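In the two complexes below, chain A is the common chain; its partner is chain B in one and chain C in the other.
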Partner chain A sequence: MEYIFQIGIFVAIFAILAGSYNLLIGYSGLFSLAHAAFFGLGAYGTALLTSPESDLVSTPWPIWLGMLVAVVFTALTGLIIAVPALRVSADYLVVLSFGFQMVVVGVFLNWIQITKGESGITGVQRPTLLGMELNSSGTFLIYAILLTLLVYYLLWRVTGTPYGRMLKAIRDDQIAAESLGKRVVRSKIEIFCYASGIAGLAGAMFAQYVRVVSPASFLLDVSVEILAMLILGGTANILGSLVGAAVLTVLPELLRFLDVGSGHSEQVRLIVFGALLILILRFRPEGLLPEYWRPAWLRRRQERAVADDLAELRQGPLVLPPEVLGTTAKTGRPAIMMEVEDAVRSFGGIRALNGFSTTLETGRITALIGPNGAGKTTAFNLITGFLAPDSGRILLAGLDITNTKPHLLAGLGVARSFQNLRLFYQMTVLDNVMVGIPGQKGERLAWATVAMGPTWKEERQTRRMALQILRYVGLEERALTLAENLSYAEEKLLVLARMLAMQADLLLLDEPASGLDPNSLDAMYAMIRQLAEGGKTICIIEHNLDVIKELAHKIVFLDEGRAFAEGSTESLLKNPELAARYFGNA
Partner chain B sequence: MALLEVKDLQAGYHKKSVLQNVSLRVEPGEFVGVIGHNGAGKTTMVRSIFGLIQPTGGSIHFGDQSIVGNQPAENVQEGMAMVPQDRAVFPNLSVRDNLELAAFYVRDKAHVAHRIGEIEHLFPILKERQKQLAGTMSGGQQRMLSIGIALMQNPRLLMLDEPSLGLAPLLVQNMMEQVRNINQMGTAVLLIEQNVASALAAASRMYVMKLGQMVYDGPPEKLQDRGFLMELF
Partner chain C sequence: MELLWQLLVNGVILGSEYALLGVSWGIIFHITGTFHFAHGAVFSVGAYSAIFFSNVLGWPLLPAAMAGITVAVIVGMAMERFAYAPMRRIGATPMTVLITSLGMLIILQNVFPILFGSASRTFPDVNIIPIELGSAFLTNVLLYKVIAAWGLFGAVMAFLYYTRPGKALRAVGSNPEMAQVVGFNIGNIYLLAYAIGSALAAVAGVLQTMDTGASPANGTFAVIIASMSVLLGGMGSLTGSALGGFFIGMAMSLSIWKLPSEWQLTVGFGLLIILITVRPRGFLGGKLTKTEV
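Right after this comes the complex of A and B.
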């Protein structure tokens, strides 16, 4: 019996480790190798604060206080890697976390005064729950289960809320997430510390159970083991981590009973274990519980919620939500929404923009055209903060926004689409739109964790708004389809829907119509025209002359890095110089 | 004997059947256009012919050989080239390296240099930027490079999936002119297009595809009638 309790406790410990690691790897796309280090920091922290053998404190601290401090300390050490690593590309995180893992174990081994080196610290106290000291494995198991339930509740509060949706968006396409106004770097740092703290909690529990902490328990291969559990269980599926931890903790134990005799049983065990792992991943590469797997009852409930909302919306007019349309009164908005003054931008030897100037007027559609490579997308990148100009200014409603970061510009009402779409392909159509809606309190970690009721209420409103937008663009039937399964035309519509969700005043569309057939085009024309009439400022990069003729009030012809010509569609089409440079015999 | 003969092709993705008994043929040296609304199955058809998708039914013959089940590489060696819808270039190689790599199966290396020259004449920007990494070029420029890559292989059949996407009108005209030249020199062309006008101007025979089936097979002139065209769509 004792043996079974012990397995149960280890399942709990690894379930907590796998679940928190999944937050990083599965949900956020943050590939860190340091999870075992954080596990160890929590364990050592608890041991150093609460064991009578510890040389760090003269008298052991109360157990709960020691545990709490250890966990918080572990979370804060996460900042050491997170702050430098997450400002740059994801590749740096692998290397930095690897280094951190090594350094931490090195400290455990070598700071002998405090950590007692290889032999470790003994005498860690068991906690007392409801007046009962948890002396036996059986009683400790109850404690372990309670802690696991608590952790999984916390994990659920992160993943099943707008915060979790935002993490997945950042994972799927960081640049698109930034363009939607998400604070990418901050969120990554936050979640890294959160997950590390939880790993520290597992460490505390481990220390309390085993009562000894030594470096050997927290080596790199432990990180890899936990990784195997979460991959087996299913990345980006929290329940999957629980399953993976259970399977990979129990399975080796079951194989102990495989008696091969002649003293090779350990090796045979490992071979069988490895083979099973390979088989499972060969036939189920997404893991046992794929990302979008839900128990049937939950899936049905979600489908019903969407269906109910749609049924209600269908009784109303086919119109965008008022927040998206903004005020139709144009008095609130300036006549000129955006000005670009003499923007210059080079890439290496190539001068992409050489004194580009233009204005975008409220309520009008400007087409930005020009030969391939003329600098149109570069101009968009400057306006939306993805690139900084070498010189020149960009003004939004008179406000100088040169050098402002993309996520801040999104908050100021600037929305853009990308030539290569940048949809969140691992997320549903509905999630793609919902993540675009600004001002969601549920996207703040603290709020998502504690304010359950208000988050659900806000989520219902967000969902209705998103469905209304989807209905407007004609995608409501595909709300629960994964974006990767859409046809090309549907993808283009989703791009538009996601942009609309941002409730922006200035819409910058990069080739919105390319690849669409006449029917889809007509629908898009109508929508874009309606948006302009409603007071939005729209700028389109396009090559399709039909689109330009249909929509543009004004054309800006970009060539040689500047606004070579500007004027009405008819006048530019008749211009012989432009025909030679761009239009051909249109 | 037709160069490409597709009969009763069925294919799809994720248990969803997109093509319902599609038949199409391209004679040696012919210029065939295929138009149709989004989701009609044009790209699915081309990808099935090329070997990127396994059909679930029907037959495809290239020359006298059945090519169902072939890998794309085998089809390329037989003389089929495809310019896909996304700009398929090697982003971390230079423009020139991309073109040279495309001629991997071409035996005559002197001919390769000559061919690169021809393609640079067609798309001067590729000569101008020959040392630039393909991934750093603009979208339209990458499209030009991917067409160049297909042409490097001197194919018997050139298949283009919406090549005008993202190209300036002048460039579309130039490109279509060059594709017509290539066709006149003997390469058969199968052109999928949304830009109906340029397809009708270039092709000698047109197909119209709708909901996974061919609903028209005949001369382009009839499709100039917008009413008739809309009906088919």
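Right after this comes the complex of A and C.
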């Protein structure tokens, strides 16, 4: 019995490790090789603060306090690699976490005065739980299960809330997430530290159970084992991590009974784990429980909630939610939404924009046209903050926004689309729109964790608003489909829906009509016109003259990096010089 | 002062060794973009195959070393051909490729102790000759390390800049889509990158075996050092990878002046963190731009 309890405790420890690792690898697309190191930091921290045999503190700290400090310390240690790496790219995190893993084990081994080197720290105390001594494996198992439940509750609060949706959006497309106003770098650093802290908690529990911590328990190999559990269970599925940890903890124990007696059991074990990683990725990359898998009753409940919302919405007229009209709808709209003054931007020796000036008038549709390489996309990137101008000014409703970051501009009411769409393809249509809605309190980690009731209440409103937008563009029947399964025309509609969700005043659309069939084209025209009539300022990049004739009030003709001609659509299309330059029919 | 001179000499040797590792991993990373963890296993394959030819089959050192390097090249190319290339074809994410690579590293690194034991292994007939350099001491093997590192680095650079296949490699590295349009066979060029990188790693592995012996964990350490060197040197610059490796080796060696030798890696890593914070694109990396919008 003791033996079975012991396996249960190890399932709990690995379930916590795999679940927290999943936050990084599955939900955030961050690959770290240092999870075992953070596991170790939590274990050593707990041992050093609470063991009577520790040389760090003369009198051992109260156990709960020691554990808490160890976990917080572990989370903060995550900053050492997360900040320098994630400011730049996720590639850097791979290298730095790899090095960090080695350095941490090196510190455990070599800082002998404190860590006692290879032999490690002994005499770690177990806590008491409601007056119960946790002396046997059976009683410790109760404690382990309680901690695991606590951790899985926290994981669920992180992943099943707006916060988790935002993480996945950042994972799927960082640039698109930025354009929606998400704080990409900050969120990545935050989740890295959070996951590291949870690994530290698993370490604390491990230290208390085995009562001795030594470097050999926290090697790179352990990260590989945890990785195999999470890949087997399924990335970005928390329950999957639980299943994976259980399977890969229990299975090797069973195999132990048929020990081949080679004397290389540790190596054989790791070879099996390595092979398992490769085989799962080859033959079932989504793991046992795929990302959007959930128990049938939960799935049905979500489907019913969506269906109910839609049924109610269908009673009303086909309109956008009032919030979508934008912030200036209430405060009064300026006549001119955006001014670009003399913007210059070079790449290497090439001046992509060379003194570009224009104005975008409120409620009007302006078309940016010009030959390839004229600077249209550069102009878009400048207006939306993805590029900074070398010189010149950009004003939004009179406010100087030159050099403002994209995620801040999104908050100021600038929404853009991308030529290559940049949808969040591993998320549902509904989630793609919900993630675009600004000002969700549940996108803050602390709020999502603590304020359960308010988060759900907000989430119901968000979902309703998203469904109303989806109904407006005609995608409501596809709400629970993954974006990658949409047709091209549907993808284009979803791009528009996601932009509308941002409640922006200024919409910058990069070729909204390209690749659409005649039916979808008419629907798209109607919506864009209606949005302009409703007071939105719209700027489109377009090559197709028919689209321009249908939509644009005004044309800005870009050539060689400047506004070569500018005027109403009728007058500009009659201009013979323009016709010669652009259409080549001189 | 004598200690400092010795440490400088040691630093040049260690730096050269790490420069070779950096270049060996860098040529693969810069050109294919794959996070090739299993490179550490290729390093060990080179070392242990040479040991096999020398100690088990009784070949003389030079042919055994050559055979070992050949085996490593074959293994490296096989990883690209049978593991990475099929995954790219089915559109696997970079993370999937990276985990596969890690899986291969773990498998191979645990096969070696089963086949060759966990203890350090070396060749029976290495003739070590001490060399005096002022007040500093080194050996002929250490000198080979320095010569091999910079000789091979020069050869690779010459190959990349003055031969047709070398130019093809650079073209693919800087813009794969364009290179494909122009008619290069990407698959073959990637194979070439793995062949060169694996050969360089195996040279480093054999030289390390001659010097201090081969043990199973060396490969993992080698790939950590190699990737740190590339990061420090800057993405896309092979010269940067060599300089990055040299810098890390030199810094680790000089740290012994004031610190016990166990803290070498910590010092190297700490410096990397600081330098990356101050200069995120590394020594010679191109301007870091956001992914094209």
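Observations on the structure shown:
The working rule: the second predicted complex is superposed on the first by the 552 of 586 C-alpha atoms of A that agree within 3 Å, B and C clash if a C-alpha of one lies under 4 Å from a C-alpha of the other, contacts with A are read in each partner's own complex, and residues count from 1 in each chain.
By our rule, a contact is a pair of C-beta atoms (placed from the backbone, for glycine too) under 8 Å apart; a residue touches a chain by one contact, two chains touch by 3 or more.
Everything numeric in this text was worked out from a predicted model, so none of it was measured.
By the touch criterion defined above, A:Val450 lies against neither chain B nor chain C after alignment on the C-alpha atoms of chain A. Of the two partner chains, neither chain B nor chain C is touched by A:Val319. When the two complexes are overlaid, the chain among chain B and chain C that reaches more residues of chain A is C. Of the two partner chains, chain B is the only one touched by A:Gly515; chain C is not. By the touch criterion stated above, A:Thr377 is placed in contact with chain B and with chain C alike. Residue contacts after overlaying the shared chain place A:Leu146 against neither chain B nor chain C.
Once the two complexes are laid over each other on the shared chain, residue contacts for A:Leu254 go to neither chain B nor chain C.
Legend: residue contacts after superposition of the two complexes on their common chain; A:Leu79 is shown touching neither chain B nor chain C.
Note: residues 377 of chain A belong to the chain B contact set and to the chain C contact set alike, using the contact criterion stated above. Contacts from chain C toward chain A in the complex involve residues 35, 83, 92, 95-96, 98-100, 102-107, 110-111, 113-114, 220-221, 224, 227-228, 230-231, 235, 260, 262-263, 265-266, 269-270, 272-273, 276-277, 280-281, 288, 290-291, 293.
Put simply, chain A touches chain B in their complex at residues 347, 369-373, 377, 419-420, 485, 487-490, 511, 514-520, 543-545, 579-586.
The residues of chain A lying in touch with chain C in their complex are 25, 29, 31, 33, 80-81, 83-85, 87-88, 91-92, 94-96, 98-100, 102-103, 106-107, 109-110, 174-175, 220-221, 224, 227, 231, 262, 264, 267-268, 270-271, 273-275, 277-278, 281-282, 285, 377, 381, 386-387, 418.
Looking at the complex, you find that chain B touches chain A at residues 13-14, 36-39, 43, 85, 125, 136-141, 143-144, 162, 165-174, 194-195, 230, 233.
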